[in-house]
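Reading through the C-alpha cells given below for one structure.
Going in written order, the chains are labelled A, B, C and D, and every chain counts its residues from 1.
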C-alpha cells in the first residue's frame, strides 16, 4: 500500500506510530519527486485514517513501486543528459570487457560518432569458470572513467560486489546488475542506496514477475532511476545461446513504468544473429539497446563469438534507425 | 548425399542398382525443377561413380533438402498467385475457428480489403481437452472453400488426420500441420504426398533442428512447397502463453531456404501483446505472418483471449507496413 | 459432469433427449463395469433431473474420467494376466527396435527368466530424421507376435498411424502412443476405440495436465485400460538427454487412478544413469517400468547409447526388487 | 592443470617464477591434505619441467578440482563429527525460517531424537518480494547457535552477504549458498575463504556444468568441504513448484567427488509430494537430504505449503531408512 502524505514532514510521526501499533511494516521513500510511505501487508495497513494522509494506493501486483498501476506514465532515467525511456531509443555499445585503454578510447570515439549515447565495458566479469578472464577490476573502472571524461560519453559497467559501491559511484555512470546477480538482494539494495542509475538485467532463470520484484528492491531504497534489461532466458533450444524473450519485453512495458532495455548480443551468441534480435527488440518496444562491439572481435578476451565489428555495428545503426522510425521513435 | 542426374531418366537404373548393391537407402525426388537421388547414409553412398551422375552434394546437417547448404537461394512458395518467401511479407489472417458462414465471408472480405493475402480458419481443431469445441470438421472446410471462391482468397486450415488428405486437397489451398503434430511423421509424409503447399508449425517442445528435420519428411516426398512457422515454445515463463522464439526465426532463415512464417497470436495469448510480437517477427526477418482476427473476439468459441478485432488488426496492418519497409520489404 | 444411470438401458432416451434440448454435448461410455453419460459443459448439464439418474459427479479438473476425484481407487490394467497398477511393480523391457527374430527370441527368454513381465520392441520407429532407421514395420510386428506366443510374454509396441489399429490389434498386446504423438488426438481416439490396453507416453513438451487430458481422449472412447508413462521432459539441462520429471510421476499418482509407468532409458540417454533413474522412479511410486535392453548395445540400430546389456539389466533387477520392497511393493 | 609438488615449500618460488614468465595464471591451494598449484590456461602451463614437480594432472572438464577425473574417491565432509559423503545418508531438517527460540529448540530436540544429524533454519531469507518476511537476521543466527550448543546438533543456515562471513563463522557450522546466489562469485569466494563447510545449492536456471563450476570457485580458495545440493530447476511444468532434476543428481555423482545433497521440499512445493521426492533422491544416490519441517506448518511465516509436520517427517524417516538400506546405505 502506498500512502501519499498531504503536506509536510511534521505529520510523519503520527502515521508511522499508527503503523507500528498495527505491527505493519513500512518504509519512507522519496521517489519521482514525491515522499511516500510504503506500508505492508495491506491487511494491516488498511483503513488507516490520519489527517496527514492525502491518498492511498492499493496495488494488486506483488510489486508496488515498479508497477504501472501506481505510476502510469513512463519513467525517464536521466544519465548525464541522456534520457532513457522517452521517444528516443538509446543505444549503448562497447566491448564485452575493457582490455586496453588505447583500444577502448578509439572505439569509444568511433561509437559516439555513429550515434551511440552510452559506452559499455566490463571491468569485473562474472564468469562461469574461475579460470576464464575475470576482467581488469578497479583498473578497468579507471580506464572507463578517463575515457568517459575525454570522449564525453557516460559509461555503464557491471558491479558484482556490494562492497564496491563507492568505487563505482566514483567512476561509473550506470551500475549494471548482471543476470547472475538479478536475485542477489544484498547487491540490489546497495545499488538502490547508491543513488546512481541502475541497469538491472533479468536472470536467465527468472520470470518477468521476479524481474520486476528485483527492481522493487532498488526502488524501495528510494532510487527510481532503474532500467530493466532483457538478455535472454534459458530454454531447451540450443541453436542460440539464450532465448530472447521478446514477449517478455512487450509484457514488461505493460506492467511497469520503468524503461526496458534489450541486450541482443548474449541471446544471439553468434555474430550473424545479433542484428535480427536488435531490430526485433526495437519493434517490440524496447527503449534502449545494449550491444557488444569490439574493434577486433576474433581477438576479444571474452564473448568473442557474439561481438560485432565496428563495420557490422555501423550497418546495424542504420537499420535500427529505420525500424525505430517505423514504430514512431528516433535513435 | 544428394545426387544430381546428368541427363535423362534412362540412366536411373544403373545408379540405383549400385546403391542397392552397397545396401544404401535412397529416394528419387523431383524438387524445384530438378530430379534428384537422395542416398544415405553418406558412408555407403560415398565415392560412387557413374556416367549418369553430374554432381554430388554432401550436406553436413542432419537434414539435407531443407538445408541452405544445398539450396542457397530462397524458395518461393506459390499459392494461387500469392508468392511466399519473396520481398513481400505475406499476411494470413482470420478467426481461430470457422464458426459461421456469414460471419466468415464478411470477415474474409474485410481482411482482403485491408491487404490480407491468405485467409486462415480452423475446421478441425486440436484441443487439449476432449470437452473443448472441436471445430465444424468437413462442414467447416466446405465453408472455407465457398468463401475462398467467392472472395477470391486462398485459405489455410489445419489437417489432423492422414486420412483427410483428399478432403483437404479438394477444399483447402495450404495444409497446416499444427504444433501438436509437428513430429507426427505419418501426417508429414501424407502432407508431402498431397502435392499441396504445407505450412508446418514448430512443435512447442521442439528445437529448430527438429523443426527442420520435420520439414525434410515433406520435401523427401517430392513436395518443396513448405513454409515453416514459429508459434512459440514452452519455457518457464508463464506471463505469456508461449515464448516466441525470435532467435529461432532468425536462425531458421540462416539454416534453410524455405520461407519462415511467424504466428504472434498463440505465444502472446493476450490481445494487447500480439502487435508487438508481429512487428518483432517482421523485423527479425519473417516472410509471412499468421494472425488470429475475429469479428467479435469476446464471443469466439476458441482462443478468445488472443484474437484481434478487425479494428485492432487494421491498425496493426499499418504498423506492419512501416516495419516491413524499414527492413527493405513490402506488405 | 458424469451421470450414473439408475437401472437399465431403456431409460437412456429420456435423459439424452433432455441433454439435447439444452444443447449440451454428451457421450455414453462403458467404463470399469459401469455405464455412464459424460455431459458437458457443466453449465448446460447442471440441475438435470430424471428418474433414470442415480447420481451425478461434478469434477473440478479439466479431465473427468481420468481424475481420482471421480474414481478414487487405483485402476488395474490387465494384460493377458499381467496386472499393472497393483502392489507388484511391473517391468517391461526389451530392445529399442526389433532388429532380428533370433536375437529377439533369445533376449525375450532371458528377460522373462529375470522376472520381466512384458516385452518391449519397436517396429514402427518415430525418428527425428527421415534418414534414421525407421523400424521393420509390419514384419517387426509379426516377429513380436511369434515371440510373444512362443515365449509366453505379452508385448508392447508403438503405433504411429491410426490406419494401423487393426494390424496392432492382431499382433500386439499393448498399443504404445509415443511422446511425439501424445497430442495426436486422432491417434488417441483410434487407440481408444481399439479396445486394447494403451501405454500413453507424456510428450516431452507437455505438462502433467496435458498428459492427463490426452488420456481422457482414450477413456472417453470407453477404453479404461490406459497406463500413462513419464519419459522425460525438455529443459535447459543438456547433460542428460531429457529431464525425468520424478515430481510429475508423484503428482500424476495423486491426480489420476490410472497406473503410472516410468521410462528411465530415454531421459538418461547414457547407460550409466539408467539404473539411478529406474530406482528413483520406483521410490517415487511408479507402477511399471519400461527399460531398453539390448543383447549387444553398441551395435543397436537406434538408441545405442542408452540401452543396457543383459548383465547390467540383471543387476538392476536385483536393485529394483530391493527398492520395491522398501516402499512396500514387489517385483 | 594441477601440479603436485614433490617435497617442500622451498621449491615453490622456482616453479611459480616459470609460470609467471609464461604469463600463465596460477593459484597455490592446500586441499585434501595436499599442496597443489593450479595453473591455467593449459596451453601456457604445458610442458613445464622443474625438479620440484612430482606430477601434473590435465583435466578435460572446465572445472578441475571439483572433477572426479582428478580425485576419484568420494570426498567426506566432516561437520563436528557428522560425516557427509560416506555410507550413511545424512538428514538435515528444520523449519524454513527461524521464527521463535522456544519453538526452535523443541523442534531441534524432536528432530534429533528421530535421527536428524543437522539442523536447518533460515535467518537471512532471500525472498522474491521485498515485502515478504526477510528472516530474523543476526538474532536468528544467535538463536541457532544457542540451540546447536544446547541440543548438540550442528546447524546449516543461508548466507547472502559476503560481509557476513565472520558472523556466520561464529555461529553457524555449514554456510549455505542459496539457489539465487549460486553464481554470485563474490559470495562463493568469501565462503571459500571462510574455511567453513559450504552447502552450495544449484541455481534453478543453472546446468549441472555451471553448478560444478560454482563449486570450483570455493575449492580454488583452498576449501574442499563443499556439499552440492540439487533443489529443483525451472521447467515449463507448473504442477510442481520446481522440477527436481533426479538425473542431475545421478550425473553429478559421476562427475564430482563432492557429496551431493537433495532438497525435496522446494521442488515439491506441496506437502504431499515431499516424501516421494525424498525417497527418489536417496534411490538415485543422494548423500544427504535437506528437508523443511515445521511444528505447525500452516502457521509458518514462509513456505508454509511445503513444510512437513513432525508426524509426517517421522513417517518419512522410516521410509527413508528402508530405501537407504535397499541401496546399500544407512541413515
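Couple of notes before you dig in:
Just so it is clear, a contact is a pair of C-beta atoms (placed from the backbone, for glycine too) under 8 Å apart; a residue touches a chain by one contact, two chains touch by 3 or more.
The model shown is predicted, which means the values in this text are computed figures rather than measured ones.
More contacting C-beta pairs link the chains of C-D than the other of the two pairs B-D and C-D. Placing every chain at the mean of its C-alpha atoms, the farthest one from chain A is found to be C. With centres set at the average Cα position, the gap from chain B to chain C is 32 Å.
Rounded to whole angstrom units, the spacing between the C-alpha centres of chain C and chain D is 38. Distance between chain B and chain D, defined via averaged C-alpha coordinates, is recorded as 49 Å.
Contact of a single residue of chain D with at least two other chains is seen at positions 205, 209, 233-236, 238. The touching residues of chain A, when paired with chain C in their complex, are 234-236, 238. Only residues 205, 207-209, 232-240, 242-251, 253-254, 267-268, 272-273, 276-277, 279-285, 319, 322-323, 325-327 of chain C touch chain D when the two sit together in their complex. Those residues of chain C that touch chain B in the complex are listed here as 25, 40-41, 62-64, 126-131, 160-163, 180-181, 183-187, 203-206, 209-210, 213, 216-217, 220, 233-234.
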